[in-house]
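The letters A, B, C, D and E name the chains in turn, as written, and every chain counts its residues from 1.
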Amino acid sequence: MSTIPLRTEPAEIIEPATAARLVEQTSANQPIVTAKKIGEVILDISNISLSFGGVKALTDISFNVKEHEIRAIIGPNGAGKSSMLNCINGVYSPQQGSITFRGQTFKHMNSHQVAVMGVARTFQNLALFKGMSVLDNIMSGRNLKIKSNLLLQALRIGPAEKEEIKHREAVERIIDFLEIQAYRKTPVGQLPYGLQKRVDLGRALAMEPQVLLLDEPMAGMNVEEKQDMCRFVLDVNDEFGTTVVLIEHDMGVVMDISDRVVVLDYGKKIGDGTPDEVRNNEDVIRAYLGTSH
Amino acid sequence: QAKEQFFPLLSYRTGPYAPNGVPWANGKQDYLKMVNARDGGINGVKLTYEECETGYATDRGVECYERLKGRPGVAIFDPQATGITFALTEKVPTDKVPLITLGYGLSVSQDGQAFKWNFPLMGSYWTGADILIQHIGQKEGGLDKLKGKKITLVYHDSPFGKEPIPLLQERARMHGFDLQLIPVTAPGVEQKSAWLQVRQTRPDYVLLWGWGVMNSTALKEAQATGYPRDKMYGVWWAGAEPDVKDVGEGAKGYHALALNTSGQQPKVIQDILKYVHEKGQGTGPKDEVGQVLYTRGVIIQMLSIEAVRRAQERFGKGKVMTGEQVRWGMENLALDQKRLDALGFAGIMRPLSTSCSDHMGSTWARVQTWNGSKWEFSSDFIQADEQILKPMVKAGAEKYMADKKMTRRNAADCQS
Amino acid sequence: MAFFLETLLGGLMAGMLYSLVALGFVLIFKASGVFNFAQGAMVLFAALAMARFSEWIPQWTGINSLLLANVAAFAVAGAIMFAVAWLIERLVLSHLVNQEGATLLMATLGIAYFLEGLGQTLFGSSIYKIDIGMPKEPIFVLESAFQGGILINKEDLYAALIAALLVALLSLFFQKTSTGRALRAVADDHQAAQSIGIPLNRIWVIVWCVAGVVALVAGMIWGSKLGVQFSLATVALRALPVVILGGLTSVPGAIIGGLIIGVGEKLSEVYLGPFVGGGIEIWFAYVLALGFLLFRPQGLFGEKIIDRV
Amino acid sequence: MTHDSSPIVLNVNGIEVIYNHVILVLKGVSLQVPEGRIVAILGGNGAGKTTTLRAISNLLKGERGEVTKGSIELRGERIENLSPADLVQRGVVQVMEGRHCFAHLTIEENLFTGSYTRHSKSEIAANLEKVYTYFPRLKTRRSSQAAYTSGGEQQMCAIGRALMANPSMVLLDEPSMGLAPQIVEEVFNIVQDLNQKEKVTFLLAEQNTNMALKYADYGYIMESGRVVMDGAASDLASNEDVKEFYLGVGGGERKSFKDVKSYKRRKRWLA
Amino acid sequence: MLYRENGQFKTTYRADQQIFPILQDRIVIGLLLLFAFVAVPLLASDYLFRAILIPFLIISLAALGVNILVGYCGQISLGSGAFMAVGAYGAYNFFVRMPGLPLIPALILGGLCATFFGILFGLPSLRVKGLYLAVATLAAQFFSDWMFLRIKWFTNDSPSGSISVTGLQVFGLPIEGAHSKYWLCLSILVVIALLAKNLVRGAIGREWMAIRDMDVAAAVIGIRPMYAKLSAFAVSSFIIGMAGALWGFVHLGAWEPAAFSVDFSFRLLFMVIIGGLGSILGGFLGAAFITVLPIALSQALPALAGLAGIEISTAGVSHAELMIFGGLIVWFLIVEPHGLAKLWSTAKQKLRLWPFPH
């Protein structure tokens, strides 16, 4: 090995996770890791089929997601994972099947309604608002919570300003949490890929969702960064009890952090269960994992 | 300080109306140059000028006006466009500069007691329309023969094109002819449906109220739909060389109103050639000198200068006149035939005299016809019918004054 | 009935003439994702060049055959349009790789101003004539079936034929050649196209050249109809509804769009106009296009607008 | 790179890159790529990997970036002023980060545009078949528009498209992103395959350090716009810091993602 | 080192959320306003007021409105001329039909007419996007051109369709001289710019930008495209309508529909693009560029040519002006594709680093 220009400095210990700050003062002194209680079914997908012209993206998919759990969806490329999220979000309307959210059953979802019900989402192919700063992107996640009307906003007096500041505080906590303070005012288009993914997560978190849908949040990150991301996801899941639906290709991550895993292949469900069950499922090994895992 | 009378020249040498705007502007400028060269100005007052490009756009026109109105010795503005005229009409009373809108602008502004600063000399669209109807009546053998005839007005869809409508409606009511109105969206490059409608109704006459590309396009469409050109009558803004030049033979037989002659014979044109062009100071090409719009530019400039001269007679010979004084001169023009002959305008135009109540000075025009290569006169001078015109002008002016909460100028004001 | 047919035919042929101009927009948009605001100015510029050279060439060389003079003028004007395309690529587009649509639109506006100024400086701002021997007098057909026959404007008929021919050629070009594919790739993503070795500069010169020639043909035909002068550039405004109705990316769409708009606006003006005072055709054309867009937001034949997450 | 005898194809010499005239991103990056080798650039988010690759393939201009210092040589020829197309003519092709497929073109058309610089119809057809055998998934989706394929399919398309140019040197920017594990393996096998059989040189920026170091011959580690460490891949793989920060096996064994502590030792070569 | 925010710590979010968080900016803006309100009226000539400043202020206002729609909400519109016309004719009708109506309410009512018209013609935006929408909005333009020419009621039955207003008053003060007109326009501009700035940096502004940048993602986070788009149309056309009314009432005094022609629409769009989409400052810079530069050129060129000893004709000047203007547009875009405002912010960033290059 040739020279290393600058040697490693002694290990630097950084601040404990700022996650604690996410929680308002009341819970600040509670232990960070609590025993997790997986609750009732919150989201029930039944017999969803979706096709585009001749392409069958999803065929008769059913599975459910329980409150507080981390539910992974895995499968080879083009299996229909992202399409599944799109159905939940109301971006696509499935031809068949229904989705039940907290007891309410829908034939197809309407994006706005889904958001109001507390489902947030990150995107596989970054769908950030490129022209806006990091701060504004995350603030926009809180728009549903804004109460003041157009006129008040224009005048920006009294309640409108207070409201804006209140939300800004919440957003700053998220920014701290995701450790992107330095980029607060940078237009997101100029950020490197990995940080954009964090902002995407931040925007979703800003909605204070009950269900968080994550589409490959860790693509394009190295191990250290993935560890950070995992920590963020786990913290959110632990502390707010946010239910997480996660699509990810890194089996290390999936097997480590998820409670249950659904496996899709060519639009069909080929496996569903705990990571261990899935890991040993013949079909899954053949279609996706290969022998090495 | 040098004795200089300043003439702002608003013009458009680019844009959609440039082919018509250029000879007009050249005529104005050449005449100024000629008077300086030949007479050394007006009674020793040198004439200066500056051109400003409006592109026929109102806001650019206003900018030009604001830029030039404050020059020392500014005499009079010729906006060269209807839209600019409207905007300036509101501004000149405060700035105290007169506007000359020869053959265009607001028809009602003939009433000098309401429009103190506007001078629609030699004709408005109402007089033009009236003269055309009279001429057609003559052709048919009397105005009463118009009964049951169909006359179609194909017009530029703008205030310019809409001006003649009230008068034509009045005439239609009087004589019982059918008036059909067909607007053409500016600038008028696409007129197929207009001429399909003409073909459908087959009117006896078509009046063409166009400007710029609209005119030649209309003639070509008429040819393409087989409408006889000799049944078509244009306003004086549709009767110049650029309107027929590239139609050539196809426009043969087409008539248009004429306020003035064309050609290089008149003495004043000869003078321009001699004093300006032969010294290599011509503004445009030589062969354009004496064209219809060029000559009109010359006339406009001549009248402006004569107004200054008239004002000098009252306020002091050899002095630089203020806008207010020029306005008075404009209001008291008295150009009889003798004076016109002396100025070298013999045959170009009819005598003209203005007064406080009449800012037009002359309501005469005649009809010319394109013979395939040049314009030829095909009628005598016809005068617009005062009896129809006067009440209309009066009513319009009254309404204007009422809107503006103005009162009619009194006799004393007319003297000032 | 005869009149209805006449209006219909008139509309169809007017539509073809719009298509000629619309084609220029479509070409450049399809091939580089640029909405070329300078198309009108290019039509004017090309027509001016053609008109003036057909006047100058006989003067300089003593050729006195109309045909020869026109062919020579067409060639010279074509060469000038080539030079213009090359300069535009060199001086403007090559510096604006990978920029947004709005920026490129603005750049073409700059080009439009420049060409307008240059055209009038070089060739004058008066009115000029292109005489390519188009017949001006109308013909009448079906005189046996209808009284007075149906009037057809021969000039328009020829123009429509030329337009149709041009469109057929260009459609082939786009569908069948690998350059056609490369053009579409460039329109999608400048950078990716570069990264796989598509030479943007060459592609752009080609496209702008083709668009220049299309502008020349349009300018020639419109010029022989209207006379060559500044207002020619405003013909572009009549062609815009055609472009969006047919779809910004479709060559055949430009034709179909032209026909629909042509017929729609003529019929509306003739049959609806008189009830509301007339002069409605221009906005009617836009409203018509808008109506179609509500059903197909990408125009009749345009590529689907992709928004996918 | 003293021990390597292969001639250097690509020599990047102390380049500085500035975006938008003000943002200094690369602060003197040097690296060499020997003929027929696989060289990896590693580094965290924002380290400047993509920027380095863009600088080499001359795609900076479109991002409003420019190389303000240093030089880049390809087989001894300065290439800073060549167009990307010229580089492709010289056999250098880049697979851009974030896919960049031609949205309106079908997968197959996308692949065909990749062979824009080539002329032999039969070779192109053969090459197409090869790409389809590498990525069978593409074959099944060949006639759908690229915009309507899944993220992974697009990534395959982008890689396949670059291979259609028959390059002698490929710059791969995060090829494994969004691909299923099997396909990731496949991609690296392709890389190895082409490298061994067709002597194609690779320069890859990769976050999947495990894979990258397994297949690469040599590696550079970048951080905030500088190269902070370089060495033979095997040496890097056994370096303790690299192990901990990039391979996730600090302290000898793989740690579960679930147990990552909130307290962490952070890598910091540079303050 | 002059332009540094170092050392300016914000201790509250309120402080960080000020319109101009940096002290120097606040000082500069304060001085600028002082200059505009006090110094300019003392210094400027009548020509400068009437031909440059007043039109510039009004056009800036219109550009501001266009920028909200195009720059912030991403809905390219070529109907701005129509919105101006509706504002002007609307205000006119209230003005003549309700005797004694003061100017400001008339302007606001005109703006509201434009709002209504804007929402109506904004409806297609729910389905049609991008350039298709841009071209489609020309329908509004040509329709309004036609409407004000054809429907006599709008022009108070004036035969030619041209109308004029006089007797403008604000709080009993006549608006006649150049100064009072200038102050009026400036005040309206400052107030509206302030309100607009508040909007675009607030929640609704973020909704607009979200729709502009990625509408599907915006919908997923709960933004309703319909509300966002139509509110942008409403706000923008209100401002544009006000500007139109001012243009008619204060600048022209008398006008015909051609005063708000399609040309105007195009020019407004160009202003916001060259100034910088999505930047309030950009609107002002763009308005200055597109309106003032040609005038400056037309006056400077003959002088310059005179210095160089060449005499050029007016036509030559006009043509050269077109060419130089076109060339400058291209040049500025090459230097900074995102407009003059971006150029300015890059300059500020440099200033921040100064004297170091990076």
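Heads up, the rule we're going with is that a contact is a pair of C-beta atoms (placed from the backbone, for glycine too) under 8 Å apart; a residue touches a chain by one contact, two chains touch by 3 or more.
Chain labels with UniProt names: A, D = ABC transporter ATP-binding protein; C, E = Branched-chain amino acid ABC transporter permease.
For clarity, every value in this text was computed on a predicted model and none was experimentally measured.
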| item | value |
| --- | --- |
| Joint neighbours of chain C and chain A, given as chain labels | D, E |
| Chain nearest the overall Cα centroid | E |
| Chain located farthest away, centre of chain A as origin (C-alpha) | B |
| Separation of chain C from chain D, taking each centre as the mean of its C-alpha atoms, in whole Å | 44 |
| Chain C-chain E separation of Cα centroids, rounded to whole Å | 32 |
| Where chain A and chain B are represented by their mean Cα positions, the distance between them in whole Å | 74 |
| Distance between chain centroids, defined by C-alpha means - chain A, chain D (Å) | 27 |
| Contacts with 2+ other chains: residues of chain A | 91, 123-125, 127 |
| Of all residues in chain E, the ones touching two or more other chains | 142, 146, 149-150, 214, 216-217, 220, 315, 318-319, 321-322, 337 |
| Where chain B touches two or more other chains at once, by residue number | 13-14, 22, 157, 183, 185 |
| Pairs of chains found to touch, sorted by chain label | A-C, A-D, A-E, B-C, B-E, C-D, C-E, D-E |
| Chain E residues within the chain A interface of the complex | 12-14, 16-17, 195-196, 198-199, 202-204, 206-207, 209-210, 212-214, 216-224, 231, 235, 278 |
| Residue ranges of chain B touching chain C (in the complex, touch as defined) | 13-19, 22, 157, 181-185, 187-190, 192-194, 196-197, 199-200, 212-213, 216-217, 220, 223-226, 242, 245-247, 250 |
| Chain B-touching residues of chain C, taken from the complex the two chains share | 3, 6-7, 10-11, 14, 116-117, 120, 125-129, 136-138, 151, 153, 155-156, 222, 225-232, 234-235, 238, 265-266, 269-270, 273-274, 277-279, 281-282 |
| Residues of chain D that touch chain A when the two form their complex | 1-2, 19, 23, 42-47, 50, 97-99, 137, 141, 144, 148-153, 155-156, 174, 177-185, 207-210, 226-232, 235-236, 239, 241, 245-248, 254, 256-258, 260, 262-271 |
| Complex contacts: residues of chain B adjacent to chain E | 11, 13-14, 22, 25, 51-53, 55, 57-59, 62-63, 65-67, 70, 82-83, 86-87, 89-91, 94, 106, 157-160, 162-163, 165-166, 183, 185-186, 283, 396, 403-405 |
